[in-house]
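Next up: the structures, one after another.
After this come two complexes, each holding chain A, first together with chain B and then together with chain C.
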Partner chain A sequence: MNKEKMIHLVDTTLRDGSHAVSHEYTVEQISAIAGGLDAAGVEYIEVSHGDGLAGSSFNYGWSLTREEDMLIAAAKAIKKGKLTVLLLPGIGTVENLEHAARCGAKAVRVATHVTEADIAEQHIGIAKKLGLKTFGFLMMSHMAPPEKVLEQAKLFESYGADIIYVADSAGAMLPEDVKVRVGAVVDAVKVPVGFHAHNNLSLATANSLAALEAGASFLDGTCRGLGAGAGNTQIEVLTGVLDKAGYQTGVDFYKIMDVAEEVVEPIMHRPQVVRNAPLMLGYAGVYSSFLLHTYRAAEKFRLDPRDILVELGRRRMVGGQEDMIVDVAYQLAQKKGGSHEGR
Partner chain B sequence: MNKEKMIHLVDTTLRDGSHAVSHEYTVEQISAIAGGLDAAGVEYIEVSHGDGLAGSSFNYGWSLTREEDMLIAAAKAIKKGKLTVLLLPGIGTVENLEHAARCGAKAVRVATHVTEADIAEQHIGIAKKLGLKTFGFLMMSHMAPPEKVLEQAKLFESYGADIIYVADSAGAMLPEDVKVRVGAVVDAVKVPVGFHAHNNLSLATANSLAALEAGASFLDGTCRGLGAGAGNTQIEVLTGVLDKAGYQTGVDFYKIMDVAEEVVEPIMHRPQVVRNAPLMLGYAGVYSSFLLHTYRAAEKFRLDPRDILVELGRRRMVGGQEDMIVDVAYQLAQKKGGSHEGR
Partner chain C sequence: MKKIKVAVIGPGNIGSDLMYKILNSDRLEMALLTGIVESEGIKRARDMGINTSIEGVDAVLKDPDIKIVFDATGAKPHSTHAPLLKQAGKVAIDLTPAAIGPYVVPCVNLDQLKDEPNLNMVTCAGQATVPIVSAIHQGAGVKYAEIVASISSKSAGPGTRQNIDEFTETTSRAIVEVGGAKTGKAIIILNPAEPPVLMCNTVYVEVENPDETAIKDAVHGIVKEIQKYVPGYRLRVPPILEGHKVTTIIEVEGAGDFLPKYSGNLDIITSAAVRVAGKIAEKLLAKGVQA
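Let's turn to the complex of A and B:
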């Protein structure tokens, strides 16, 4: 752990945080938040629909503000930092990325499931040609063992990514899980490594510290921890903790606290606490998109939905396999000899 | 770290959590919460005014329910666990403790400032004579170096305490701070060691894990993290995290989640989040009783109250020294050459 080195902070209040306000940021709110973060010294300010460029849709939820207006407002408000966008190949396209660059984006995070880095090769290549700082972002990293995570990280590096992120998208990792995965990637690639945490197990801040101990130098967060479910790492708290632990971030602790309390808190739809549903997602290590299907299956087979979630996590089921939840519930019910429905 | 050993959980929703509901628990709520925790398998269930036995007063806030009614209701609801009370020598007396034992208390935590264990000798002696499981509880442990904490722990042990607690009352510790203090006490005493966390830096859960790694075997928490300011360790999350990390607690994860969401959450006055004021208390490592005096002094000398808090923490000022806050503010203002008031 080298505390002399600079820790780079990425604020994703206006991207991942957007899930928690139903993607309803106004242009004025985007300006105020992006401008406040920039004045506080945040280096990367991520602005996109919660599911990335072109995420605004029937499937993922419509944004209140058009993507172009969002990016232009943020670009105007940011003087020193880098306007950053997220791209999920399959949702966003190369055209969306080129458009974002024209609107002022200086960095992009190309995100894939932890085992699917190969679908990002073209997007990373184009991002580099556009002159963008390019991050490869491995989602749901808890689902793969360290050797798989590092293999995928090396793929990203071979495509030209400038920074590789390990993301604990379900907030399912313990500090030790973070250390082994981040440490494996740090040892395997030459580029800097980052970590993106979620707070489902109340460990987002501690896991961020664990990532630094394992050699990471980029960390994510959101004001007040804004984000789906239990939310993300609370960036103003993280800033204070890093300062207290002796790390340098270049972010003004008081200023970012003020952005959180005066600008972001008043527009939140609900407090960012760990209720039982996100706690169970983190405990089981499963996608939030499984919840609704799980509740339905639990009712049908008279099961505790928590038992289904734990079983889905045990089987390492991934997004897109939602239709199999009923099968899993049926098998659980059979095993318990409880329900006769569904036979 | 020996994961085979049993971790003992102490729930303090009905004591430390009481601060966050202005000590307004009703008899029905006390029965429901104590009964729920007991059914979930929690071993120690702490019930007292937030400031301990006899805390109900003009100075510390009146309890809605009389102490006797509180204890009798809890004792009736608890079948397997131990009804536990807190005693702060100077607020509660030996008579209060004897009364609590008659009402059904089976355990007592005798709490002092981290440097004042010697004021607890008589109380610990009487507690042992009453047949109570007796904890020595060192508050604000971040203010003393490990060698001082272990010296005070040994005093408690010499008086007969069955368990020694290191308490991070201001939520000011980083995991490393916890490890060195808890580790020092574990090495110095023969009795089991516990850790009480606060969440001002979003590290309560992680610090609890760090305490176990350093050899502790008792941990505190409250449902939904209920407590003053940023609150305590969220006990249902802690239960899940300990389970996931391979520790045994004897607590049913689903049942304690249900108590938190169905019984405790509906009676909370506000969500338990990390707003700026508790964040600053944890960052600076100072008492919450300093806040009001600090805001007044900041206004008088046109200072940022946060600068005053940081200075108070740097000087390791303790409770009772509130009148010196104006002096500290005056000196800060002089140094900044800002204000001419107060001369």
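Let's turn to the complex of A and C:
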């Protein structure tokens, strides 16, 4: 291992973390968190609805703060780092991306399901023209074998992506799964490779280290691990771990700990721990953002959230299909109701 | 029975499926399938005894008896074809994103459209969801409508993939312009699961007047209307009301004419197009035009 290696950190407290606060960040919170992360030396600070630009909706939950206000507040607070946005083609559009750039975004992560990279060609092309640092982000990478992941990564590279990410959106991978996928992509592309973890199986930090061993040089994290499902890699922990392992991040360990404890922790809706339902997300390989929607559907239809998640996994639902949670809950409730009537 | 001669431009998946549906129509005569190169679709049609050409739109223009033309090419070619067809007095049914003419969703606004020379079929998601939005709007007043269309990766062709924004933007415009919602939003998700998933559409609306009976009656009524031309159109989850929010989920199984059954997304747009052509043919026949 190269002990002097520089690792680029992307903080997504204000994007993936948005799921965990049901997209209710205020302008003041966004300013404080973005400003704190910037002062701590974080290079990329991602700010968007949890489902990316234009994600505010019935399907994914309404943002308390308008997208424009969010981005302008963050852009003002960030002095050294790069304001980064997330775009999921099919949800957000080129128009949304151009608007984000006008609001001060300097980087974009264009995310698709791990097998559907070709729907992002147009968006990656425009992002490059806008002068944005452009990431191609392969979601739910656990669902495809390494050959498929590297094939799709090469597509992103051919469209002009500057960095390729392997994302474990369901927090379903074991360290070996991470190594084979990240390693395959590192060997296949010339651009840097990153890894995005979820902590559903309590492996986010371990998997991040596995990604570095396989050649990744970009990692994601969030303060206190705030994020969808059981959350993401806890960035202040990751900063300390990387330092101990001999990597450079440019992030001030004390300052990032302070942002997590003093700014983020007080606004959390609940402690970010691996409860049973998020554990099932990781076990069944289900998109982490489904968690809170599943709790609501389980309550409405009087079901065990785990049963809904297992069925979603069995149906091989992908990121963005939050609407299918109600479908599954309705069908399960009908079945249950049917058996009562039969007695 | 008297029939009207029609042509299909574009012998790909959509064009071939159209051809099969036209062959089953009692108002339309499949007079010509035309492309610009020799292809599998052209060969298949020729082997079935159908008149084909590789001279593109020119072949259509040469036959004055062809009155209705389906265009299943792309937005750019259709922009070229549209004025030529109009000049030749032929009605164009546009299955591309060009949208030169007004949007048409058969069970919603076909009867209101006068003798338009060019009609656009919106998108598959538009055909599947606009009727639901419109039905709920009649009964309860729709302030905002949002649809999520999930289709199998296998049935999303290169046209959709290269310009996915066009799909969501066109669909959301149709939700407003044809469906009647004040504002609209469309989301599309591609799912690669095997075996391929059926096309599934979730329609969320915010209503002014959450009258559960009126909403449910309206939705059940319009589903029956659509089933007249898309038998595989089904309610998966009947309207669920939560305050002013109404959630309805429908699925579309294709007829399996040419495309596989999971391609309900393609089937609904070709079925709707043939439905529109059938209505136009009836009008023409009433005027005394015939093949």
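Simple rule for what comes next: the second predicted complex is superposed on the first by the 286 of 343 C-alpha atoms of A that agree within 3 Å, B and C clash if a C-alpha of one lies under 4 Å from a C-alpha of the other, contacts with A are read in each partner's own complex, and residues count from 1 in each chain.
Simple rule for what comes next: contacts are C-beta pairs under 8 Å (C-beta built on N, C-alpha and C of every residue); 3 or more make two chains touch, one makes a residue touch a chain.
These numbers were taken from a predicted model, which means no experiment stands behind them.
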By residue count, is chain A touched more by chain B or by chain C?
-> B
Kindly classify A:R315 by the partners it touches after superposition: chain B alone (first), chain C alone (second), both, or neither?
-> second
A:L203 contacts which: chain B (first), chain C (second), both, neither?
-> first
If you stack the two complexes on chain A, which partner ends up touching A:V274: first (chain B), second (chain C), both, or neither?
-> first
Could you say whether A:E28 touches chain B, chain C, both of them, or neither, answering first, second, both or neither?
-> neither
State whether A:V94 touches chain B only (first), chain C only (second), both chains, or neither.
-> second
When the two structures are overlaid on chain A, which partner does A:R306 contact: first (chain B), second (chain C), both, or neither?
-> first
Does chain B (first) or chain C (second) touch A:I119, or do both, or does neither?
-> second
Is A:D327 contacted by the first partner chain B, the second partner chain C, both or neither?
-> second
Looking at the overlay, does A:V237 come into contact with chain B only (first), chain C only (second), both, or neither?
-> first
Chain A residues touched by both chain B and chain C?
-> none
Residue numbers on chain A that touch chain C, as the complex places them | 54, 57-59, 89-91, 93-95, 113, 115-116, 118-119, 121-122, 315-318, 320-324, 326-327, 330-331
Which part of chain C faces chain A closely enough to touch in the complex?
-> 146, 148, 150, 153, 161-165, 168-169, 185, 187-193, 197, 200, 202, 204, 206, 236-237, 240, 245, 247, 249
Okay, in this complex, where on chain B does chain A touch?
-> 174-176, 199, 201-207, 209, 224-225, 233-234, 236-238, 240-241, 243-245, 253-254, 257-258, 260-261, 265, 271-276, 279-280, 282-283, 304, 306
